[in-house]
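Following this line, the structures themselves.
Next come two complexes built around subunit A: one with subunit B, the other with subunit C.
== the complex of A and B ==
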């Protein structure tokens, strides 16, 4: 009788389940159409991208690093193109590309120290990773200790394998005479990169909790906190804070209680907060200005952070940020590191994504459908000067330090990923 | 897993079988059937060359929306039924990188085409589907012109729960509510579907269709509906043709060999015969989401607008759902593909512009959809129009609310007024102004696919193309009667207009509280209205319709039905071996459905049959001697069990006084006819006929078929005395009527006395 068991609608979970039974190309295509149909959106995009790239590394045929890089690049740019308003996809692709370059670099260095210093990859990567032993992203990864402890082991493994390789398989390698990576090391590289992607996935999954860990520093007893359309990240943040502090949350949202559902918006969140002894006030977003003088800080989560410090957010957040600015209240943006984009907002982003007009006017309202031109922007762009604190999973940052975060996470040669997007 | 071997198309896909393994925990494979032919010609002249489901809607073939809708709902197996142009559709799908069954990236585990060589209706498709036995469980039945973004999960779950609870819950019809205010989608549909539903369970109780040209703005509610308890009569629904069915539905189609349309015949019929088949049908009424079918040019217009306004999200141009598309939303509400070029000074607003299209300076384009590789000259004005790929529009031309198909060439300084339909490859010379009333439809082909001779007066000396004439009558008159042609006319133009139509202004009421006439006179009124409707389009159509109208009033339109039905009934009445009338009744009802006979035709046939039988009995024949009129009438009506009930239910067809009077009148006319035709062999003299009429009426009165009011109403009806013969017959019944008028005080003892008087 339970009807939920036979849900046919495709989703990210179903897709991940079908990875093993589907061809790689079919999986990629499924994801592209999930993105195009907006059946995967928001934070799910990052996860989906990491999952699919892991499949690319695992299943695609590649013989050397360059081939792997170009495979990942081409799949990545298809994904980015299919959802131009989800910049996190590009970020994850860049992270994976950087990861591959790092692993390959270590490989080569371990192979023969410095003899290939002139190789293109080496020359490019050396600028951002002066010490070959230091993995680029490791300082800010969630579990740096695990990674660094694992590194020496894998390095010596590489040595072992790559030295043995020529004698073990003398014939098969003949087709790639100039290949820098040996067949056996390809195998090792594959597992290295897959482990790396696994770590990126962990980082994505843990980011919300890590950000929540900073909540007691940011929220003080007796605070009035305005949460604009709290996302899952903000919810966790508030609930975590509620376990330590007594404060008041003002939840502002666009949607009035819809006639269909008796529940007021964010009922689950309010229940949790109330259980922890935190008062909540529900607010329609148009009444927001009246409460701003009472508020101590404004919190919302970003969909993406651009290198200039501008934010891509749910629509309406910009009004809240501006209101806070007028009253000199601090604005805190919750943004995990994987949402930092090493680029400037595109035209499309600053214009905002358009949703269905259905959330403002019912399609059943004939005269309105005929007479009105309804533009329902579902995203806003917040200029950098309205944001005071960027609370990442690595801790609070100011705008001036964003550049170093970006430099830590992305390789220069991958930053222009969007420029590589050619014709389909 | 064994299901895998079944799909022929799955043969080339070695990787797919494992996919089914993941699904085996869900109860079955999700199947869908697309009906890619509608057996209609509302998109003529465009559909002469391209099937409806491949016409571009916002630069995507319509079927792309349908397939993407199925993919977004996780459908695994798809069966496509094609009719006209099936080879085009098959080629299109096979060449598509995304849908081709051979493609590794197809979201469907199998996609099959099924060809039915002799299909003439959707009913034939579905009966064929039943025979094939490829449907294993619940499936979704959609049309190839569906545009929808709804998620079926909720409706499916409800459907399954109902089916678990009751095996007879066999179908869920998905409809979209559009409110009771005027709505462009509702306005465009021409025919208003009327659903009578139970608001709590969603069970469908009755289904009817209405349209503005019908003569009676009433619907009869089935008495069973009232017995059901609470119900709603909904006319605010747009039927998007999505049906969630169990295989039982196909069996129902097979049982009813004459059903053709899924709604008008099937839904209506199955609900009507609910007591017979015991099947429960449900309606899922959506309050959000988008679903509509491009069933006519007006719906095409409406859906295109909805796509531009993003009601259909994610099916909007900048989702680039089709392979190779690169639409971007740019300023002024435009969607422009890469490599589309508009010169500085061209003003484009609220439009879609495809790749490779160039728009020169000074042109003003608003609310239009322009395909790929079009060339728009200088100072062109295009408003609310649909311009398909490769069209060329010369300098200074203006195009308003029209459809220009692929590779159309419009010369400089042409005027294309509202509502024009210009089909593929037509060339219109410079400086031509097309007529605006009626808007022109120009095509290279005639209705039967032949090359039409160019009409130089229309398209200019350098042009090619001729006025497209609407198809001749025979083509679809076999299954649609006169009253039904009218809404088709409403739907065949781009602009919905009732201008020029002679409509009665009475509002549409769904409750037929007052009895209305089912009389042929009324039919004439509606046909006269449609004759004027034809006027609006072209003179040819008017001629055709008015001649059609005179046919209807002069002779019997249901000639076949009438003779067949009368023969069948008289044979059944004559039959000595059986005393049961039920089989005759079944046969009659079947005949009626097959011919889609009107109530008045049925009444006439029954009256003639019984009158003929009664007249027969007054003469000596095999097995009986000459009977007195009274005996003959009683014999004719009562010798077979159920005959009286049949007359009451089918012949009279209601409790109303008007119907009873109609039936009495039909009897009278039948006897007058008999007077005429029987002359040569055995004259039925006027006196006997009159006595027979009085006797029949009296018998019917005694058996409660006709009531006193009914007979009196007939008596008062002036048509009963309109001719000499009719008058003579009527006179014979004066005694009966007078007796009836005084009957109040002596009702109980009336029977014996009456017989005396009559003889």
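== the complex of A and C ==
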């Protein structure tokens, strides 16, 4: 795992730059290294995964679709395994796999059936389904989604089976390319898939701004908004709202400021908001029930949304959501579509991830360190009944419609990705 | 000496408070030189300790106040032509109370005790000899301290310890004296159980409690903050909470964060047991949210941070209250006062 040691502060940008000068395996290793050390986390994981998979598509040796799929699957599951508490990695891997299947379908349909109508439908769905630039919430329900969730899935499964059956023995055995059309289509497929990944990257990059676009609908003049541990997504949302509305932001966080540092938490955000005429109150408190009577709505961002509607969040967000529920205040979770996982939360997720207790109990405090079990939980799981609005880059959703988002973005074949983790 | 800039500084302190919380009181450090001349030195010291939160807990404040009032009574001499029962309260006791309130808003236990003392003084006949009256008052105060503080603490810890079963996991929030006593008592009885201490990083009493319990041989799991509250609470068999006061509608006034813990526990189907001396019960006040009676933390009232000291736990999140007289449901309070 040597390559990234050249730079002392390994960052995602440096890593991506280094991809061009490194072999594929070295790039994968250095990303896994960063993931394991938690130097790439959260939203960055999604970007890093898309970047590395693009490298896989571009550099790895593959002769047909199945080989490409298995390359992506194996790299993908290595990444997922190296950061089990970053579900977005798996999501991006699944998106890329779905993308490959769509593109391959398109080719096969054109080859096999030569039917204009079929390829039209396929090209329509394959270009709209992973397309990130859809402006508003409108395209979720109309016909393309119906097509992509219903018809093409069954079609691609059919194709998978019908193609695999004859190809199974040649691929594993003599590994002879089965189709004379492959060499040309491999080239086309490669560039189409790379374009598709580029679009996924665009989607990831633009998601925050798109979500912020809905802020003036959600935030009203005079509101007291409790922003729990505002992430970049939430910051952008609030700043955008501040350009239109006068309201008050109550910032809450679990972290107590370390005694030494004089810099106040979220100073940059507060400065921006204050400049726009929005008042901010920084709470130095863990318990939030005391303030909830004054609050109109609670906003935080999710690290991941599970298919049952439960959320993986920064720890403490659950306290905020729970307090809001007690006073029937709306809980708005900001969650770009790429954070939606087509699986249920694991036990590990619902128990919460443990972080270093070092900032709370110093090592100088011998008796405490020796004898106590110190649990500094850094992630929370929020059950679906505590969340009112899932605000995605495609618009606000309730948990009853999450299934259609998942069906729009993932192929049934790829949902079990995490189950394949055991395989080498 | 007095600095002319002092009043301006005081106004600045209050002006930093966000508008929506500006109705709430805040403890204030008053330079001893600015105190009223009638304030007794013992009371002066107690006031300073309250303003700096060296005395924090409601019972600690009550006890210190009563002991200081003892000194006030001992040094009191009725002026000629007056009687203790007519002169002492308006001219001597009230300035002490005013000063203490100015240092930090009185806790509800202090309010109760002062009402009891005044009622006791009013019972004296106008002709009662001064020595006799003073003696009676001092005895009454000693009785209050013994009965409502010392014995109460013992009885509550006894009762609560009996409700702990072998193999239980007891979860508590912050550091409350009664919870500590109870757990140590149960351990002393030979019961084997675990403790989970959830702390408030801004209050930080919980770590002390965790260490004390650990030293007593109780396995302790310590969480420095409210992260992961739901799974931790769900793993507990009982939640023990201490309180500053219980209002007439049965709601609990306790350090900020208590309500979050109680609610998480109730939602997880875990029993929430509140330990509280009856002197803390306020039968005159009703509070349905945390912004009716509260205090602003003077330490954290800056441009960068704001904090309330207490919150209000609705009685539906309390399974039971253990007092020195009886243990009952959350909404059967005040008759004991």
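In this section, the second predicted complex is superposed on the first by the 345 of 424 C-alpha atoms of A that agree within 3 Å, B and C clash if a C-alpha of one lies under 4 Å from a C-alpha of the other, contacts with A are read in each partner's own complex, and residues count from 1 in each chain.
Everything below uses one rule, namely that a residue touches a chain if its C-beta (ideal position, glycine included) is under 8 Å from a C-beta of that chain, and two chains touch if they have at least 3 such contacts.
Predicted model only: the values in this text are computed from it and were never measured.
When both complexes are superposed on subunit A, subunit B and subunit C sit side by side without a clash.
Of the two partner chains placed by superposition, only subunit B is touched by A:17; subunit C is not. In the superposition on chain A, A:290 makes contact with subunit C only, not with subunit B. In the superposition on chain A, contact of A:362 is made with subunit B only, not with subunit C.
Contacts of A:254 after superposition on the shared chain: subunit C is touched, whereas subunit B is not. Of the two partner chains placed around the shared chain by superposition, subunit C is the only one that A:265 touches, whereas subunit B remains out of contact.
By the touch criterion defined above, A:351 reaches both subunit B and subunit C.
When both complexes are overlaid on chain A, the residue A:315 reaches subunit C alone and has no touch with subunit B.
Per the superposed model, the minimal spacing between any CA atom of subunit B and any CA atom of subunit C is 11 Å. The residues of subunit A shared by its contacts with subunit B and with subunit C are 351, 357, 367, 373-376. Note for the complex: subunit A touches subunit C at residues 224, 248, 254-257, 264-265, 267, 279, 281-294, 315-316, 318-319, 322-323, 326, 350-352, 357, 360-361, 367-368, 371-381. Interface residues of subunit A, counted against subunit B in their complex, comprise 1, 3-10, 14, 17-18, 20-23, 25-26, 28-30, 33, 36-39, 82, 84, 260, 348, 351, 354-358, 362-367, 369-370, 373-376, 423-424.
Against subunit A, in their complex, subunit B makes its touches with residues 15, 18-19, 21-22, 25-27, 30, 68, 71-76, 98, 104-107, 151-153, 156-158, 160-161, 164, 176-179, 181-184, 186, 236, 287-288, 290, 309-311, 313-314, 319-321, 323-324, 326, 328-329, 331, 333, 338, 350.
Residue ranges of subunit C in contact with subunit A, taken from their complex: 18, 20-21, 199-202, 207, 210-211, 214-215, 219-232, 255-261, 263-264, 267, 289-291, 294, 297, 300, 303-308, 310-314.
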